[in-house]
Structure formats: structure tokens, C-alpha cells
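As C-alpha cells, here come the structures.
Okay, so chain A shows up in both of these, paired with chain B first and chain C after.
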Partner chain A sequence: MKISSSENKTLPVLIFWILAGWVGFAVLPWYGVEDGFFSFDWVFDGYPMDRDYAPAAFLLAQGKNLWLAPMVFALLAPLLVLRLKKSDPRYGAILLAVGAAGLAWLMAQGLAIGIRGWTTDWLGLAFGPLDSRQYGMGYGALLTASAFLFLFTQGLAARGAINGDVFVVSAITGVIAIVAIFVFFPIAKLMTAAFIGDDGSISILSFLAKFGDRRIWGLGCFSGGRCGAAWNSFFLAIIVATITTTMGLVFALVVTRSGFKYKRLLRALTVLPIITPPFVIGLAIILLFGLSGSITGFFADVFGVQPTRWVYGLPGIVIAQSLAYTPIAFLVLIGVVEGVSPSMEEAAQTLRASRWEVFKTVSLPLMRPGLANAFLLGFIESMADFGNPLVLGGNYDVLSTEIFFAIVGAQYDQGRAAILAIVLLSFTLGAFYAQRFWLGRKSYTTVSGKGDSGVHPAMPRGLAIPTFAIATIWGLFTVVIYGMIFYGSVVEVWGMNHELTFKHYVTAFSFRFEDSGIRWSGSAWDSFWTTIKIATIAAPLTAAIGLITAYLLTRQNFAGRNAFEFGTMLSFAIPGTVIGVSYILAFNVPPVEITGTGVILVVCFIFRNMPVGVRAGIASMSQLDKSLDESSLTLGANSWQTFRGVVLPLLRPAILAALVYSFVRAMTAISAVIFLVSAEYDMATSYIIGRVENNDYGLAIAYSTTLIFVMLSAVLLLQLLVGKIRIGRRGAGREKE
Partner chain B sequence: MLKVRSKLLLGALSLVASGTMAQADGKLSLYCSAQEDWCQLMARSFEDATGIDVNMSRKSSGETFAQVKAESVNPKGDVWWGGTGDPHLQAAEENLTEAYVSPMRDQLHDWAISQATSANDKTIGIYSGALGYGYNADILAANNLPAPACWKDLLKPEYKGHVQMANPNSSGTAYTTLATMVQLFGEDDGFDFMKGLHTNVNQYTKSGSAPIKAAARGENTIGIVFMHDAVKQAVSGFPITVVAPCEGTGYEIGSMSIISGARNMENAKKFYDWALSAEAQNLALEVNAFQVPSNKGANTSESAPDMSSITLIDYDFSKFGSSDERKRLLQKWDNDVSVLPQ
Partner chain C sequence: MTMTETMNNKAASVSFRNVTKVYGKDVVAVDNIDLEIEPGKLVTLLGPSGCGKTTTLRMIAGLEMSTKGSITIGGVDVTRLPATDRDVSMVFQSYALFPHMTVIENVSYGLKFSGHPKSDIRNAALEGLGLVGLADFADRLPSELSGGQQQRVAVARALVLKPQVLLFDEPLSNLDAKLRRQVREEIREIQQNLGLTVVYVTHDQEEALAVSDTIVVMRNAGIAQIGTPRELYDAPADRFVADFIGEANLVECAITSVEGDTAEVDIAGYRYRLDTRGLDVGPATMAVRPGRIVLNRDAAGDGLEVTVSKATYVGSRMEYTLATPVGELFAVMDDVYDPLDVGQVVQLQFADIGPVLLPEA
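Take a look at the complex of A and B:
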């Protein structure tokens, strides 16, 4: 019964994809339309005969681009399958072969033939010179490629992969395909670019020469000179990670193990780094500690010392990054510190250990994985940070900014950028791998589900006093910094004229009513709306891909699951500047030619933020009992119906969280974005950087403040919504856990 | 199924018969290498003046050169406007740009035309800017420092930690500084100057105009930059004094070229002529660009440095713009200057 029903249901899917393949090949423009993905001028502009807009079939009919012809066979062959039964072995075999062959040919021709004919010399030698050329793929190629991909997965399913479940096989293959195109392909391009010498040939020697550069690996700082960017980044990351971990622990202890009254306030601080545009803290620090900063000026007056530029360089970056990333460490550690079972500590106390001994020998060792986790997170964040070194770096060169200036500056050296990116990537991947390797094997579980009603003992006094002192100072400092940001946005010119004014807000966000509606005359509106638009498009896509991946990881068993998980989480460890450079290298040329469009920004955000969606999905999906899915499947639903009808509704909180998080991240991202923006698609953060470059601090800070409030309301809205959603019949008690 | 599909194809084919070829007039693709707001203003004003749709993309002159070179078989851009002259000259040398003699030439300064003649009419000067420096008068006074007037003044020990310039590896401005010193004092003395300067420099910034911006904000005292960048800060109300060094100084010529094989050649020439007119060059003042315009009739700002009062050296653009010489000088600076203790 079940078999026949699934056979009837699969057929429409098959027909759909065969049709889609033909539509892509014969109806839609094969190549990318120059005016943009979402513009439809081409419909009236010479379609379908004009070379630039013609579908592949029309090109072939005119005798052009003949290398597209073999795909006709791959599109015709699946028609044979329609007459076969699904159980026929030829059914699966044909689909597999057709999908694989079509896709392979599509990719091969796309990579082999570019704007200037053959993309590599040996192809020209082998097949003779080629007069024609082709641009980046467009709607047609995209649709046909998807058709091949899903014909392939239907073949796989028909051969019995994952119990012949077409939805699961397609989902897995689909995720693999897009991760391959948008994560692995750019990274591979980056690796290749690092080996290309000045004369355009591939050589290991030029790689080694550039790689061994003194400006990357020099150790001159131990002998009075300067160190290379790699070491600078490394030292900085170690210092920052140590400080943030310590501070995070201090805050976590204050919240869980003391009588501190305003714990909610402290928790609220953790939201700050998520909603703060990346370089705002750096600006505030300049306003406080710079040569003309208010604190510097105060000390100069009181103690009669000459103000110096001490803040530019390592000290400034350390302060800014510590401020920015301590809340992240706090967020990680609070769970761990709370997770240490009180019964362990009580047992130790019963055995007459002093409070200090309990802390030192029981609590602290049990927090170790959390500490390691927090340290590595701090390390990765510091390495990847771009905004703070950009404004505070002084002569202290770090990898992330060096990459940027290798691309945008007068040197315009993509090879050097690629090499620096590889160095940076090895550091962060190393940390990422260490984290998984080190933490994956030990068990630190102490909460076991049995009666566990104890309370955490308070900290020993010798620890409590310094902890409190540090937490208070740090908290005050944070408040001052954010106060500074707001104050800076309402004064005329910081450091010169402190008259209060709203002029920066007016310049940025003025609008007026006209006959034709509201006219957004402020200078910031363009980038503001673009940012909102791009973030709004990217957020649901990120959530969707993240949740589907999470569903596959928690609910399905398939070969290579671990590699699959690693691949999808990988983009978390790739710093934004590396993503930016690799996207330029990979997507500036056919077959996927999307630089300068809005599409590349959307794509970039999806894959930057996907790991968060995956994590959120996994976390809430592992709370849902598998028996729910099983009963749905037993009642005859297929896996797609189960996913849609059972799993998805239960996941609403996770979906919302992923949505808001990716929305907010898209608004604050800078490191990757700065490579990918164009005049038409300028983002808020790159606009602000531009203002900073122009010495227009007032406007930059006013814009940042506005962004902070916009994002704060997004986060609060989420809290409100998620707080109200009650899932199914589960009691409120379970919910609180 | 097959029937449905073939009908679809038939329908599509009949569409072909009635389809007409696209015409691509009324468009201009502009590559712009000046500051963003200036680029925008130029593009919009040209649209207003002619009704031609401008598709502008802004990239640094180095990037634009790389792009024009990459697209040379299938050019997508029509005109390349703005940015320092070296990459324009290089593009001319590699035949990436088209020779054109504009009827507007008789309205231009000599230096703009000599830029054109040295490149066989494949590029032309649209503005020029002289190198110099600016200082924050308030900070100078607070530190009881004398006002500098010459390049050599910057070597005095009392300015230690007060001078900022960009890194010649990442900034064209700083490379111009290096090349100017070599031409002004000779190679050996020029490098001695750079070494002396090195002890006084507090930071080598990445971007060329950053030193004077830091000085404007009070985060630095003296910034070595193009004078028009310093003027811009002074006009914005910062306490910046602009200095044209007494020994004489180098300069850049912002250039414009038509890309060889442009798809909209007629419109490209229209833009070229328009961009050389006094009316178009006056737009610079609206966006606080204080470079000296190449059209004799164009307005210059009162705050802009008076080019006639500045001693300009005979800057050898073809020699110091060539990539070999550039690489050699930068290497030498890297090895002999940047590693010295400060």
C-alpha cells in the first residue's frame, strides 16, 4: 500500500524537475542579465534572440555557443524514465546518470569557457583557439542545474538511498551542493590565487616567497622593531581571549554565586555586542583616550603630563575587543557555571572542605570545558575582528586589516591578500578544530536528571570581593562607553564644539512630505533601506537552510553525517575578511558572476549566519521526542509531510530566534561586506566606515546609535514573541528548564 | 507530456519571429576612481545635462586598471574618469584606452595637455593636486612647537612623534611622497630624508588622507598629504594650516580615458567633452574636492592652494609611474627605512 502511494506521489515531482530543466534550457535567459537579478527589462529588450538574453536553446538554434548542445541529451533522456516503473532498476540508473552527466557538463563548460574564451591555456592548446566567450550563468542555467541536481537525487532515492526517501535525499544533496558552491568553492579559489605569481603562472616558489614575507612572520618586536601581522594577530588574540574569559567568569560567578541584586541587568549586557555596530566601541575609545580624548585631557590637566598617543596600537585594540567580547564569554560561561551540580559542591562541603577548597578543587575543574570554549571563542572573534583594528590599530598591523588593504589599497595584490587570508584561516580553523577535538571527548556532565535541588554555594570571601570590584568597574566602564556613543551623536563636533545638536540625525535621517509621498532626503536612507532589504531577504533563507540542516543532522542517519556537520559549521570559523576576499576571487568571473549585485550580499549573509540557524535548530529539535515523527511516519505521512506538519510547528521559537539573529547580524556585519558592497548596494556599516574615513564622526555615531535602537527593538520583539509561545500541551514547568 | 512541451517550444519559436534586436543607445557605463560623492554627482549631472543613462561604478584606480585589463577582450566600461594619473598612463601604454582629441582642449591648462601628449592622446588631465602637508595649529601651540615651512623642517628632533604619513606600500599618496623626495633631493639624499622622517613619524597610516584627518581631530600634529585634502579639513572648520613646502613639491594629475572598444563610444566622447567643460569641473566644489581643475575657466575655491605660488618639480610621470621603478623604490624603502628603530 505504502509503496504504491509513494510511487504515485513521486511522479509529479519527477515531471516537475524534467519540465524545470526544459524551461531553464529553452525559455529563460541562459546567462546572467546585466541589469540585476531582480530586473526584468530583458523581457522587452530583444528577448529571446538577443545574445545577452537568449535561452540556451535559441543560442544553439543560431549556431552559437555550441558547447551547450550536449545538455540536450541529458534533458531528453529522463523522458524515457516516465514509462518505467519506479522499481525498475533502469529507472534509478538513468536518472543518476543523466543528473550526474548533465551537472558535470554544465560545470565543466562553465569553468572552462569564460569572458575571454578558454580560461586556461592548455584547453586552448588541446582544442584550438575559441572565438566565442560566455558570461556568468543566469536564471536559465540556475534552473537547469537545479533540475539536473534533483533528477540525480531522485535517481539516488530510487536506488534505495535513505529508504528511498526523495525529500531527505534531495535535502541532503541540496545542502551539500550550495555549501560546496558558496563555502568550499570560494575557499578553493583562494588557495589557488595564493599560488599565482606576478606573471600569472602557478608556482610554489612565488607562494613560498610571499608566504615567508617578513611583514607576515617577522619577529622584530623582540628586538625593538616590529613583528609581522601573523604574530601580532596571534598575540592580540591570546591576550584578548585571556581577558574576556576571566571577565566572563567573573560575571558568571557574580550572577550565580553571590547575593547580587541586579542580575537581570547584567544579563541584559550580553545583548550589547550583538547589536553594536563593529567599530563604534573603537570610536568611543578614541573619544575617551585618544590624544585629544576627554580622559587623556583630564589626566594631562591634573597631573601636568604631556598627552600621548598610547591608545593607538595594541592597548587600544585590547581594550575595545575585551569590551566587545566579554559578554560572549559571559554567555558561554553562565551556562557552564550554572550547570555544575550543586550536589557535588555540597558533598565536598559535607566532607568539611572550606569554601575556597570547594571552589578550587570541585567547581573550577568542572568549569574547564566552558573556560576552554570561552577562550577559543574569544580567540576566534579577536582574530576575525576588523572594525576595531581599523580605527585603533596605529602601527600594530593585524591580518584582518592587512588583507583589506592588500585588496583596496594602491598595492591591489590579490595574491598577497589570498596568502594573508590563508594564514588567518589556519589560525581560526586550528582553534575551531582544537575546540571540537578537546571538548568532544571528556564528560563533564554532572546534572543527571535525578533529584538535584541544591543551591550553589556562595563564593569564598577572598574571591567575592575582588570579583565584585572588577565586575562593578567593568560594568561602569561599559556604561560610560555606551553613554559616550550616545553623547557623541548629539554634539556638534566632538572634541572641539560640545554644543548639543540633533543636526547629525537630521543630516542622516531627514525626510519630508511631498505630493508624491514621503521623500527620504537624509543621506543615510539609501544604505539604511538597502540594509533592511538585504537583511530581510537573507533572514528567512538563513533560517530555512539552517533548520533543514538541523533536521537532517538530528533526525536522519546517513553516511558522512559528521563530515556534513563539520562542513555546515565550518563557515563559523572563517573570518569575514577571508569570506570577502574569496567571494571576490570566486564570483567576479563566470560561471557564477554576482559581484556588485545584491545577490552576493544575500548569499554572503546566508552562509555567514547559517551555523547559528543550525545550532538553534539542533538545540530545539533535540528537545522534541523522536516518537512524534515516528507516529507521523507510521500513519503514512512521508518525511516532507512530517517535517512540515509536525516538526516545523514545534520549532517556532527556534525559527524566530534564527530569523532575528540573522537579521541583526546582517545589519552589523562589516568585515565581509566591505569587499562586496557597490555603489548601488551600499550597506549601513560600510556607509558608516566611509563617514569615519571622512572624519565625520558625528554622523557615523548618530547612524550607529540609530542602528543600535533598531536592532534592540528587533531583539525585544523577539523576546516578547518567544516568551508568549507555548508549545503544544507541554506544561509551563517543562518550558522553564 | 511530450506534446505539451513541443507546443511550448513552438510558441517560443513564434515569439522569435516577432522579436526585435535590442538597441543599446542612451547608455553610458562610467568607471569612476574619485571620491564616492564626487562620482555620484558627476554621473547624475551628466544624466541631467544629456538625458543619457549613466551606470556608474566606483573603484580605486588600481582596481579599475585591473578590471579594464581583464575585460579588454569584451569591454563593459566606456569611460574611466578620475584617479591618479599613473594607472591611466599604464593603460594607455598597454593600448587599453582609445586616443581622442577633444574640441575642448584649447580651454585646458598646459599640464593637462602634456599629460595627453605623453600618452599619445589616450588620456587627459582633469584635475591636479600638489603634495604638501598640514598641521593642527592648536596642538602645535600646545606643544610650543615652531610652525614648519619646508620639507627639511620636518626632520627637526622637536617634531619627534608629531608627524604622520601613509605607508607607501598601501597608498598612492605616500608613494608620490617617496618619488618626490627622490626627484627633489636625488636618490641618496631622498632616502636619507625618508630615514630622518622615519624617526619623527608616529604612525604610517594605510590610507593616503588619514594623517590629515587625524590631525584635524586632534589625534596627530602634522600630516603629509595632498594639499587639497588638507584644505578640505580646514574648510570643514578644523584648525588646520596648509603648508606648501619651500623646496618645491611633486604633484599628481587626475586623469580621464576612454576605454578601447567601448560599447557606447559616442556617449563616451560626449561625457569626455562635458567633463572637460568649466561647468562640469565646477561641480568639484559642491563636494569639497579642492583639486585644481584643468579647465582654465573653472572656479577654484578661495581656500584651495594657489598653484602659481607653489614651486612644482618637474615630476617624471613615465619613469616613476612604471611598475619596475615603483617596485624598486618600495623595496628599498621597505628594507632601508621601515625597519629602522623609531
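Take a look at the complex of A and C:
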């Protein structure tokens, strides 16, 4: 009885996707609707006959865009399958063929025919000239493409892939498809762009010429001149990574190996980089050390030191990035330092080693892989940072800002931007690769699940004193920085007139009550609401994709799992500026034409923040005993029912965390966003950068302060909610304590 | 179909034909085994860790797919069928109760997916809980139950589906010793009352002897011996089984003559008669349980002269280690009030029944 019922179980899914394919083909507008699909203006504006809004079927009926016709067969064929049994070999074969053929044709025609007809000359030579053209695909095409994809996966499942599990096969294929479109396709476009010369032809010579540019690789700074951007970025990243790793270790030692009482306060520090837009620290540095900065002013008044612009350049960026990324290193190292088994240190003590010798010969060597890990993270973060070099860089060119100026500035040189992006990408990917494959096998701190009852020994005196001194100074500095940010937002004009005022907040966030309702008259509201809206749409999608990916990685075994994991985590190592440039190159033209829309921002956030969701999911899913899933399976639930009924409810804290963090990260992002915003969709961070460029620091800082408070409340709300959700003895909330 | 159909009993046979499971490229977990499990029987898979017993169980459940060979349940080939679609349920070592569901929700969980009408589900679940004596705990969370109660919920959850085969993966290993005896008796009782086919994995030989109709002893990814508890204890096929099921002294001897089914063996000069078990004249090994060794203070007929090298008092009996011409032997005696002394020389004899020759030693 049970077996025969499962034969029919997947049929509704099949029918759903066949129907979806037809809806996409015959009901929804095939091409992108310029005024926005969800305005639904198109419904009253000539639909379904107007060629801009027509579904594919109506275009064909009018004899237009005939190249869409072959897809009709791919949509009809699955109807044959409905009468077949799932065990029939023809069932799987037909679905496989139909899905693959439909999808291939859809992609081929999309890539071959653009806004000016054929996209390449040889197609015109082969098939004769074409006077029609097409724009970017819209929701109709999207739905039909998804239908083909999932018909294909049902075919795969019917042929026995992953034990014939439709949900798992579809999830894997779906994730691969979207990662391919939104991560690999843009990067591939970027690579190609790097080989396109000034005359439009593809040549390796023009690549080499631009690649070898002195402005990228020059080493003039050793002989009094200027170095290339690549070396600048590299030196900067090395310095910053060294400082953040050291500082992170100092704080981790203070928290775990000393009698320090306010440990919770120090842990709270780790929230700061999450809620602080990256360039805000840079702004505060300017307020302190800039030409009219407080400290500069103090030295000028008391010691008569002539104010200079010393802070603009390497020193400023180093200070700002070190402040910004120390908490990240701290977060990594606290796990490492705590992870060193106390019983090993206790064993060393009983073997007559002094405290200092224990630290030197046991504790520190065991932390070494963790230290390297923190260093590489700091390296990647510094390389990828865009905000701080932008506001503090001065004449110190780094790759991330050079990319921006190559695209946005007067040069408008896509080829140069692409090459710079490739150089930057090689650095970060190299570090990422080293982190995963070299360090991946070297960790000494494995959590065995066995209780370890020992206590970490306190630091030796000779280490404790300098550690405390450094930690205190650094802590105070951080407090001063954040104090400056707040103070800077309530003074008239920094450096000139320090009268207290709320006028910046008023300019940005004023509103009036009128007859028609509230009127948001402040200048910041537009970008603020856009940011909230985009972040709100992106967050649940990011969390969903992240958790499904985490589920596949922790719970399913399939060929190519490692490659799958690498691919999904890769976007972590792709700097935002590189994403920005590659999205512009890839999505400015059909078949996927989404630049200037809100969609591209949402997509960008999803793939920028996906690794965070994946990590959160993996961390909490590995706390769940695998036998829970297995018992659900043996009780007759399929893998989708298991995911929904058992895994998801137990992951509620992880889901909330993924939601809030992707929301917050979407609000603070700048590097990729600055390429993708448009007049209609301006984001808070890019608006603030715009204010900074106009020297309107007051408004910029007031806005930043507001953002920090909004995000702080989001994070606190999360803590409150997660604290309340505790289920059972295996409740995932338990390990949060 | 060969299954015995009764009112609400779908108990089915299980058979493995040439089944092999390889993990990765070359880790052979189960190597070409054949196995027949009759409907309505409780069969134990017994063996040291890493012998392939859990993998075998998981292949019946459909949680692992065999690399080669075929598996049938109730005469139907299920080799490629995933766990969801098999009519088999399993009680996990960790119980795997869903912590976010109450006891009754846990027990109802499987019923929801097997096409039962909604109204029946609660009753069926309560009935199942009644069977394990937990009907009053329906609305508690698993975390509010003791270990033994959680274990019984896990059993009820698997039982209510009335599966063709019910699987147990070391179900008692998280319970303390006293509870273990009680729960294993309950499991056996339910199995016999309902006539279920049960496959049970354990590494505890005493547990296996106590609950099983048939024991499958596994070793190095293969099957060492299949038999009833009595057969395995009284007539082990080889050294491994003899030593794994109960303790045994393995004594090297020589078969000097064979008369019909009876062999006469020579153990360093001591002559003893026992069943040939198909062996012929020549060197052989025999298994002697520690309790089947008799130690006499004064020589009484044929025997071996041995020295007591260790004597340990363990409360209910004495344990002796003996230095003998055929190596060290281990014996137990019930007389704790007049123990032998270390260094004392005594005469050793084997009891009339018990010692056996090992055909595959």
C-alpha cells in the first residue's frame, strides 16, 4: 500500500511545473517590463498583444519572434509523461530530454539575439540578416526557464539520481543554476572583458599590455616614487592583517585567560563591525586626525605643530581598517583560544612547565592554525574594503578604489576595470584557497563532544601586563571613535563651529503631517526606505538559499559535493567591487538585463551574503543529530517533509540569525552597491558617500549614526527573540549560552 | 508472497543475496553476505564494533544503498528503494525523538505520512503509547521524560506503523544496567505478542542470547555464524564465535581416534571423549567454558596437573587463572568459602558436557 502510494506522490509536483511552464509561456509577459512588473501598468497597456508586454505565445501567434517557437515542443512533450508510470524508463528519459533541450534553446536564443539582432557576426553570416530584436527576459521567461530546469531535475530523479529524491535533486540543481548565473557568469564576463582591446577585438596582447601596467605593478615607492595599486593593496593588507590578528589575540587572551570581569562587554564589541557601515570608521578618523580634526587641532594649539594631511593615505587606512576588522579577528580567535583543550595545558603544568613555558610551548603552538586563519581573513577583508580607502585614501591608490574610478570616472575603461578586478580577485581567491585547503586540515582545536572539565591557566605576568595595556588603549580608542561619530553628528560644522545642533538630523529625516498623511520631506528618506525595502526583500531569500545549501552540504552525500561547497562559499572571497563591475558587465545587456532596477540590488545582496547564511546553517545543523532526519525518513516522510517538519523547526534560531544578519549586511554594504545604484534605487550607503564627496560631513555622519542605531536595534531584537526560543534538551538555543 | 498475513500483522521476511557495501573507493563495510530472516522472528546482528552489523541494519532500513547484490523484504525487491518508501521502521540508538514535538506528536509523525485518516491517527498513537505503558505522558516533551521513557516512546513511534520489519540499533546502550534487563524483556514480549519481524543490532552478547530467536554473529564485514542462542553457545563454529559468545578457553589438542560420532582427544596426556563435529584424526582446537572446568584437590582418575597462578574473589564465585601444560586457562568455581590458594597444585578435569571441538578453528 505504502509503496504504490509513493509512486503517485510526485505527480502533483510534475503537474505544477508543467503548468508553470505554460503560464510563463502563454500568460506572463515574456520580456522584462520597463516600468516594473509589479506596478501592473502593463495589464492595461496593450496586454496581451503589444509586443513589449506580450507573452511568448501571443508573439508567435502574431508571427513575431519566431525563434521562440521550438520551445512549444518542449512544453508539449511532458504531457506525454503524465500517462506513464514513474518506474517506466521513458518517464525519466522524456523529462530529461525536454528539460535540457528547452533550457538549452532558451539560453541559446537569449544569448544569440540581442537588442541589435544577432549578437555576433558569424551568426548573421550563417543565418542571414535578422531585422527583429529582443530585450532582456522577463518574468515569463524566468518562469518557463525554471519549469524546464525542474522538469529536468525530475527526470534526473526518476533515473535514480540521489536515490530518486526529487526534492534533493531539485535543490542541488537549483542552487547550482542560480550560483552559475549570478556568480560564475558575471565573473566569466569579467574575464572576457579583460581581453577586449580598445578596438573591440579579443586579443591577449591588449590583455598583457594592460595587465603589465606600471600603475598596477610599479615598485617606484622603494625609490621615492609611487607604487602600483596592486602592491599598495598588498602591503596594506599585510600590515592590517598583522595588526588585527595581534589585537584579536590580545582581546581573546584577556577574555579567556585572565580575571577580567567585564567579559560580556568585550564580547559585545564583536557586534560593532556588523552594524557599522565600513567607511564610518574612516569618517571618524578624519574628524580626529584630519586637517581640522580635534587631535590635530590640539597638537597645533599646544605644541604648535603645523596641521598636515598625513592621515590621508596609508596611515589613515591602516588605522581605520585595523579598528574595523579587529573585532572579526577577535571573533575567530576567541573560538581558537577557548578551543585549546585545558587538559593539555594542565598536563603541561603537571609536567613541571612554568606558566610562561606552558603558554610558549603548548598554548601558542596549538593556536597557530587559528592565528593563520585570522590573518588570512584580515587580509581578505582589507583587500576587499572599499569605503575606507575611498574616504581616506588620498594619493594611496588601492585596487578596490582604482576599479571604481576606472568605471565611474572620466576614464570609463571597462577593460582596465576588468583587469584590476582580476588582479584583486587573484589575491583574495589565493588567500581564500589557502585558508580552506591548507589550513582546513591543520586545526588542532576539534570539539570532540566530550566534556573537558579543566580550566584554562591564567596568562603569565610578563604577558598579562602588556596585554592588558594594549587592550585598554585599544578599547578606549574604539570608544573615542564611536563617541566622535555621535558627537560629529550634532555639531554645526566640524572644525569651524562646534555649537550643538540637530540640524543635520532635521535635514535628513524631517517629516510633516499633512492632510494626505505623513510627508517625508527629509533628504535621506528616499534612500533610507529603498534600503529598508531592498534589505527586507533580500534577507529572507538569502536565508532560504543559505539554509537549503547548508542542508545539502551537511545532510546529503552526492558526487561533486566538495566542488559544490567551494562554489557556494566562493562569493565570500569575491570583493564587492569585483562583483559590482562584473554585474555591470554581465547584466547590462540581454538576456538578463537588470541594471538600474531594484532586482539587481536584491540579487547582489543575496549572493554577497549567502556564505553567511550557509555558515550559520552549517554550524547549527551540525549540532542536530543526523539520526533525527533518518528516523523521520524511516517513518515514511520524504526528504522535503523531513526538512520542513524536523530540520526547519529545530533551526529557528539559525534562521532568525541568518535573516537579521543578511538584513543588516545589506544595509551596510557599499562596495558592490555603489556600482549598481541608480537614481530611482539609491541606497543609504551610497547616498552617504555622495555627501562625503561633497564635504557635507555633518549630514553623512548623522545619517550613519541613524543607521548604526537602526541596525543595533535589529541585532538586539534578534538576541531577545533567540533567547526565548528554547526547545527540548537538544534545542539549538542551548549552545548560544 | 511468502509473508504470513494476519489481522494487523504484516511481518515479512528479509533476505540478502550477495550483498556488498563499499564506502568511498575501497572501505568494505559489508562483504558479500547472504542472509535469510524469517517473518515473525527476532534476529540479532551481533559482533564487535566495525564488523558491519549497523551497516547491514541500515541497508534494511534503506538509509544506505548496497553497492552490489539484492535485498528483498516480503518477497519484494527493495534494493534501490529509499527509506521513505520502505515499510520498515527503526528505533535509533539515540532514540532520535524530535525535541520540538510532544510525545503524541512524535508517535503520530509516521502515521501522518502513511495515508491514515486524521481521526484515526490520535487513537492509533495512543494505542501505541498504551502498549509501552506511557499513555499518560502523551502531551509531554521528550526532554521531560527519563531515558527509559524516551526509549519506550521511540519504540511506540516505530510500532504504530505496524511495519513489515522493525529495526533496533543498539536500543539499550544508553540505559543503565538494571533498566536494560527490564526493557529488553519488554521488547521481547511485544515482539512475541504482535508476531513482529525484528532485526536487532547489539554488541552485547548477553543481551543477544537473552532476546533472540536467531543470532547472526558478524566479523570483518562478513557473517561468522548463524544459529539459535543455544547452538552458538554450545557449538560455536570457530575460535572467534567461541570467544565472542560467552568466554571460552581455547585448548590445543590432538584427536587420537574416531568412533562413529565420538572422538577421543589427547590434551597433554589427558584423554577426553566428545563429539567429532565432522573432524578426523589429527591436531584440533577445543573450546571449554570457564564453568565447565573441574578442579580437584586430590587426583581422581585421568586429568591434568595444574598450578593456581591467580585467585580472585568476585562475590558470587571465585575466578582462577591456571598455569597448565597447554597454556594459561581461566576457570570459575562456585565455592567461595573454601578457595584454592595461589601456588597450589591441583588436578584439572573437563566436565562431561560442555567442551566442544571447533570445526573451523
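Criterion: the second predicted complex is superposed on the first by the 716 of 737 C-alpha atoms of A that agree within 3 Å, B and C clash if a C-alpha of one lies under 4 Å from a C-alpha of the other, contacts with A are read in each partner's own complex, and residues count from 1 in each chain.
By our rule, a contact is a pair of C-beta atoms (placed from the backbone, for glycine too) under 8 Å apart; a residue touches a chain by one contact, two chains touch by 3 or more.
Everything quoted here is computed from the prediction, not taken from an experiment.
**Q** Have a look at where A:Tyr47 lands relative to chain B and chain C in the superposition and call it first, second, both or neither.
**A** After superposition on chain A, A:Tyr47 lies in contact with chain B alone.
**Q** Taking the superposition on A as described, I'd like to know which of chain B and chain C A:Leu650 touches: first, second, both or neither.
**A** Only chain C; A:Leu650 stays clear of chain B.
**Q** Looking at chain A, does chain B or chain C touch a larger number of its residues?
**A** Comparing touch counts on chain A for chain B and chain C gives B.
**Q** Contact-wise, after the overlay, does A:Gly335 reach chain B, chain C, both or neither (first, second, both, neither)?
**A** neither
**Q** State whether A:Gly483 touches chain B only (first), chain C only (second), both chains, or neither.
**A** neither
**Q** Using the superposition on chain A described above, determine whether A:Gly164 touches chain B (first), chain C (second), both, or neither.
**A** A:Gly164 contacts chain C only, not chain B.
**Q** With both complexes superposed on chain A, which partner does A:Asp625 reach: first (chain B), second (chain C), both or neither?
**A** A:Asp625 contacts chain C only, not chain B.
**Q** Which of the two partners, first being chain B and second being chain C, lies in contact with A:Ala637: first, second, both, or neither?
**A** second
**Q** Where on chain A do the contacts with chain B and the contacts with chain C coincide?
**A** none
**Q** Quick one: which bits of chain A touch chain B in the complex? Just the residue numbers, please.
**A** Per the touch definition, chain A meets chain B at residues 15, 18-19, 22, 26-27, 45-50, 52-53, 55, 57-58, 79, 82, 115-117, 133, 220, 224-226, 286, 290-292, 306, 308-309, 312, 394-395, 401, 405, 408-412, 493-496, 596, 678-679, 690, 693-695, 697.
**Q** Given the complex with chain A, which residues does chain C contribute to the contact?
**A** Residues 61-63, 65, 76, 80-90, 92-94, 96, 98-100, 109-110, 112-115, 141-143, 154, 157-158, 161, 167.
**Q** Can you tell me which positions in chain A touch chain C when the two form their complex?
**A** Interface residues on the chain A side: 1-3, 5-6, 160, 163-165, 625, 627-628, 630-639, 641, 645-646, 649-650, 727-731.
**Q** In their shared complex, at which residues does chain B touch chain A?
**A** Of all residues in chain B, those touching chain A are 1-2, 5, 8-9, 12, 15-16, 19-22, 36, 39-40, 56-58, 60, 62-63, 65-66, 70-71, 73-74, 139, 143, 161, 169-172, 175, 202-204, 206-207, 210, 213, 216-220, 233, 236-238, 339, 341.
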